[in-house]
Amino acid sequence: MGETTTSFLPVFVTLFPMLMTLAIYYVQKESAKLRNKLSVITSIITFIAVAAMYPQIIRGDILVFELFEIIPEMGFVGTFRVDILSFCLALISSFVWMLATIYSIDYMSHEHAQNRYYPTLIFTLGACLGIFVAGDFFTLFIFFELMSVISYVLVVHEETEEALKAGYKYIIMTIIGGLALLLGVINTFELAGTVSLEHTGMITTASGLAFATFIAYIIGFGMKAGMFPLHVWLPDAHPVAPAPASALLSGIMLKTGAYGLFRVFFNVFNVEFLQETNWIFVVTVLAVITILLGSAVAITQYDLKRRLAYSSIGQMGYVLLGMSLFTEAAILGAIFHIFSHAFMKGCLFICAGAIIVKTGKRDVRELGGIGIKMPVTMIAFTTASLAMIGIPPLNGFLSKWNLALGALDGGAPFYVVVLLISSLMNGLYYLPIIINAFFGEEVLHQEIKADDVPFKMLLSIVVLAVCCLIFGVSPINLPFDLSRMATDLLIGGGI
Amino acid sequence: MTFINVIHAHSTVLLIVSFLLFSFLMPILERWKNSWCATMAVAAHVLAFVFIGNLSWRVFTEGTIHYELGGWSPPWGIEFVVDYLALFMLITISTVSFLILIFGTVDLTHELKPKVLGLYYTLYLLLVGAMMGLAVTNDFFNMFVFMEIAAISACGIISVKSDRECVEASFKYLMLSAVGTGCVLLSVALLYMIGGHLNFAFAAAAIQDVAHIYPNNILVALALFSVGFIVKAALFPLHVWLPDAPSSAPSPSSAILSGLVIKIYTVVYLKLLYKVFPIELFDLLPVFDMILILSALSIFFGSIFAIVQEDIKRMLAFSSIAQIGYVFLGIGLANSTGLTGGLLHIFNHAMMKSMLFLSAGAIIYCTGIRKIDDLKGIGLKMPVVMGAFTIGAMAMVGIPTTNGFISKLYLALGTLDANKHFYLAIILISSFLNCLYYFPIVINAFFGESEEEDGEEEIQVKKLPLRMSVPLIILGAGCMIFGIFPKYILVIIERAVEMIL
Amino acid sequence: MEDLIVRMVSRIVVPFIQVYGFYVILHGHLTPGGSFSGGAILGSSMILFALAFNLERGAKKLSHETSTIVECAGAGWFAILGLVGIYMGQNFLTNKEAGFYMGAPGDLVSSGAIVLITLGLGLKVASTVVTLFYSLIEVEGDAHD
Amino acid sequence: MIDFADVAMRLFENMYYLVSVILFVIGFHTMLTHSNLIKKVIGMNIMDTAIFLFFVSTGYVQGGVAPIIEPGVEQAYINPLPTALILTGIVVAVSVTAFALSLVVKIYEHYGTLDAEEIMRIRSTES
Amino acid sequence: MMATILDMLLLLFLIVCAISVARTRDLLSAIIIFAAYSLIMAVVWQQLEAPDIAITEAAIGAGVTSLLLIATISKTRREE
Amino acid sequence: MRLILTLIFLAMIAFVLVATVAEMPTFGDPGNPTNNEVPQRYIEGAVEETGALNVISSIIMDYRAFDTLGEATVLFLAIIGALATLKAH
């Protein structure tokens, strides 16, 4: 076990993007190019800063920093704390964010209001990392709300009627979730007297208030994670955003909810307590419904991005299911699925963006023959789709395998069936797109030139697709090792 | 006997007298040179900052300051007391009213006829002076006099606008104020009858002694006090004057009415409730529970009414009813966390609501639009104003890093400390309702498309003068700063709460 | 009101009322009455005068210019007398300790600041009453300035 | 069981208080329910005088005289404090009345009526 | 005892005046009744040994307030 | 309906207040709580301390002179308010 060391890095990765937002905001008056460069550089530096924590984290150290005291006597002290779980999430977020930012430069070049887009994107990065590196629930809550509210701007970027409607739904649900989360945090503080993530098992006596706290957390984080009854905002909000923003919304921001639930299950409560009271069963059931419903509805959708959005709901169900089963393999699967899904869904969404930009078509039935016109994009899309379905050498398989193992360990083969069914359904809605793209008859694409999208877009697409490929069943699998370490930490109760 | 010594010894009274003297001078000055009035009003505020600076230094180093007017010791003469609570109010009032005034120096030339400007500043100074007097006074009858000064001047700054709604709203406010002050005076009489003292401290001691002989007197007095102050503070069932008054008045008047005037009565009520009335009385009558119920109704209905409003200032006025409910909630919780939240909300809401009213005023100044639906696409044309409005809206909803969040957090913890979960739900629900009526405005302003693009001309936007934008920026920054570093104001509030309980 | 009798009577009566008003003001510290009642009597006498003759002539007796100055001066006078207390090293509005001439109890000129304040306030109240009456009764067109 | 005779006796003894309370309610009623604005103002005045009467009554002492000291004469005086306060109160009341009346004049100029309900109707039809 | 009966009569008058002010439809009459009310009030205050207020009430309550009210109805209207 | 409600409301107020009257200290009783050291000092000390024979004058102009300053301010305000209202329109 490592020791606790004070490090400024966690604060840096949060505040640096936020401060750079100002710089970007001022630079953009001078030149758009400089703004784009600055955004990319910011995201790269942030990624490097996150990665720089790796040597210490891998030793098992925990990095802490106390920035300022807001209300000290209420445990409201703006602390930052990075352990292996936080690091996993921060790493994947900053990585995907970096790629999405690079992708944005070409993708957004024809869009309006870029001056609003880039500062928002970078600020959201800071807020999102803030959630992962926060050291207490109050700080976490602050960054959570900041991220939710600021990302509203990303959702409504298009400013169409549809986007505004979806955005309104999003902001309303976000506020409800935020309030529920606030309720949970306040209740925790009331019951435990602390909200710091140093502690585990803050609440271990069952009471009405404790249950209310549990439910409040489920609502608050589940809202963000797209859990079944609270997912209603998701299929509207994700498709209307610009493609890189959708990729981030689906790939990263959904994970903030999952991360929060991890913290709730293992820090606020603990495994024994949740199993004893059977409260966790609520989450398990909802997760199963989420998986089945997300996958089933996705089949009925013909809008490409909408289909991907529903697929996200289903995939988040895996993560929720994994974390609620509480066996080692299941948790490993859940954490690894966070990585996998970030790669896969990030890739899929930006591919979709590339397709839409190129063809102007959103309907999956009209994409016949696109694979020949845009070979690289479609190959990447295919890789990610296959990973989604869970075809063996790809990363999606590895996470599902572990989840299934976990379910069997927990003596609940029923969940394996669920996983299988959902994989089947994944196949049902991904394969037709791919088949149609490569073998379908070419419709209405005569005017499109047979060249792929610009280099910067391709770069991101390819990198993500390669990640799906190599972080599958391969001997050198950094995400898997990190997930294993995080699982050890969670199961060992050594947070 | 240097000048510094004089300020040091008499800053309590000089603070109020300087406002009175400046306003007495104003009408003469106005005849001589009209343009100096605004400068005079600003000068009065700057002078007040000097006195308040001195007072805060003394309060922090020496503790509570007692000032005996005319040199007569308390039971015989009037006494001013500056404790942490009063200091807190003084700071709030002086800062916010100063910023509103700076804004008003431009806005008023647009909203009012030039010949009433001098009179407006006179009324404004008297209102501010009276509020400060209410904060420091420790005498029942003196309180009554200050209440009347505040009432008439508050009505005056509504009716100076040449708009017929203004006169009517002002009259309504005046009548209800008269009911309020009448009730307060009657209850002062009831308390004087059995206590024989007018000084708060002496009256409290005397009433404590006779509480078992005349319990009904005290109860009726308490009920009348409550009615009087609830009318003045515009809590739910007796709020009828509020929506009319600030929505028709000139924007600086609306800001000061909604931001400060209703708060000062709340603080006076708080002071009386905790300091004067004997504790065992509250066993006979569940006063705090009644306050809680009223505040819950106020929070709920204020928000509901605000949702259906079309006029932006009217919506803000209804929102004030909801927000004053929070303050009363803090009072009713009667524990230190809740009370801290309530007092903090006084300060925070003073900043947020004045900022919102001022930005509404700036919108009206620049474009002439009052209807919420017409505000589409205005955000990019006036970024400072709508930026301030957005911060205000976020603070109202209670998004973290804004000050509204901190006070709601304290209130929420207070409800849990008092074991009253129902009110926690009320707080959360009302935050949600706030979001329902504040966010559409912001969304429309920034993302909405202006509808009359074809054919009709674009919205004409005047340039925002510096003196209007600076107060908005300061208030906006204040909302953020006190959202992240609330401890600078909590230092005072916590001591005030300690002293009250 | 062009009635001759009313005019004659008021011409005779008004000076007496005014003298009585002044008496009430000046003897405020010795007998019942004081600045407010005396001021009101004084003001009413002027209103009576104005009503008996006509409003324009009455208005000339006390223009808005003058009344405003009297108003402000009356209130300011009070505050300044209070500041004398501070100047003398005492608290605000101190009377005896601040060194005002106290005289012998019962004299007309006695009791220090009380007489001075009463006098100032009495005039102020008188002018207030008159101004209020005029501002209410004045016709829209020839209002002010 | 309440002794009604005793209560009646108490009420008779406290006749001034009783009357001022009744006047208060009458004034309150006039002020709140009459739609005529001038009546409202008069009602306010009645309410105020009722309160003043109440306040001054608290200072009355049986057999006392007005507190104008005749040096050398020993006698009981009434409590001067309420009287002094109410002196202030009356002036405050007249100020409020004056201001309210100036508003009434302007309301009449704008709306052409003094009836509060009529004004409400005019406002609602316009907006 | 005489004093008490006088007090009672005065107070009764007060109530009667107050009610009739509220009931009278003619505003000028109402104002005159209100002036009478104030004058009775002045006497009541004399009964309460408060001559200062008695004088003030007579001058301000009955005099000034009535004058202002009459000025107002002269600018507006007499009927309710 | 509204009238009846108002009347009921007023009757309630009246009842409460009248009920309170029955329990108040007796009118004019020299032993009432109001007759404490405060008026005593005013009556005994006024002539010497303020020089005024009329105790009421000495109270409003000296002991509690600040109230009177406030009252003068209210009068001043009434005029300013009335002028502002009348000039504005």
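Order of writing sets the chain letters: A, B, C, D, E and F. Residues in each chain are counted from 1.
Keep this in mind: a contact is a pair of C-beta atoms (placed from the backbone, for glycine too) under 8 Å apart; a residue touches a chain by one contact, two chains touch by 3 or more.
Quantities reported herein were computed from a predicted structural model and do not represent experimental measurements.
> Treat touching chains as neighbours: how many steps, at the fewest, connect subunit B to subunit C?
Contact-graph shortest path, subunit B to subunit C, evaluates to 1.
> Measuring between Cα centroids, which chain is at the maximum distance from subunit D?
Using the mean of the C-alpha atoms as each chain's centre, the farthest one from subunit D is A.
> Across the interfaces D-F and A-B, which one involves more C-beta pairs in contact?
The greater number of contacts lies at D-F.
> What whole-number Å value describes the gap between the mean CA coordinates of subunit C and subunit D?
25
> What is the distance in Å between the mean C-alpha positions of subunit B and subunit F?
Each chain's C-alpha centroid was found; their separation is 26 Å.
> Give, as an integer number of Å, the spacing between the C-alpha centres of subunit C and subunit A.
Comparing mean C-alpha positions, subunit C is 80 Å from subunit A.
> Quick one: which residues in subunit C touch 2 or more of the other chains?
30-32, 34, 36, 71-72, 75, 79, 82, 92-93, 95, 105-106, 125, 132, 135-136, 144, in rising order.
> At least two partner chains per residue is the criterion; list those residues in subunit F.
Counting only residues that touch two or more other chains, subunit F contributes 17, 20, 23-24, 32, 34-35, 38, 42, 47, 53-54, 56-57, 60, 62, 64-71, 73-79, 81-83, 85-87, 89.
> Which residue numbers or ranges of subunit B touch two or more of the other chains?
If we look for residues of subunit B contacting two or more partner chains, we find 20, 24, 27, 69-70, 115, 141, 145, 148, 152, 155-156, 159, 167, 170, 192-193.
> Okay, in this complex, where on subunit C does subunit D touch?
Going through subunit C, the ones touching subunit D are 30-32, 34, 36, 105-106, 125, 132, 135-136, 140.
> With touch defined as at the start, can you tell me which subunit E residues reach subunit C in the complex?
51-52, 54-56, 58-60, 63-64, 67-68, 71-72, 74-75
> Using the touch definition up top, name the residues of subunit D that touch subunit E in the complex.
For subunit D paired with subunit E, touching residues are 15-16, 19, 22-23, 26-27, 29-30, 34, 36, 38-39, 41-43, 45-46, 49, 52-53, 56-57, 59-60, 64-66, 68, 78, 83-84, 86-87, 90-91, 94, 97-98, 101, 104-105, 108, 114-115.
> Which part of subunit C faces subunit B closely enough to touch in the complex?
65, 68-69, 71-72, 75-76, 79-80, 82-83, 85-86, 89-95, 97, 144-145
> Would you mind writing out the residues of subunit E in touch with subunit D in their complex?
Result: residues 7-8, 11, 14-15, 18-19, 21-22, 27, 30-31, 34, 37-38, 41, 44-45, 48-53, 56-57, 60-61, 64-65, 68-69, 71-73, 75-77, 80 of subunit E touch subunit D.
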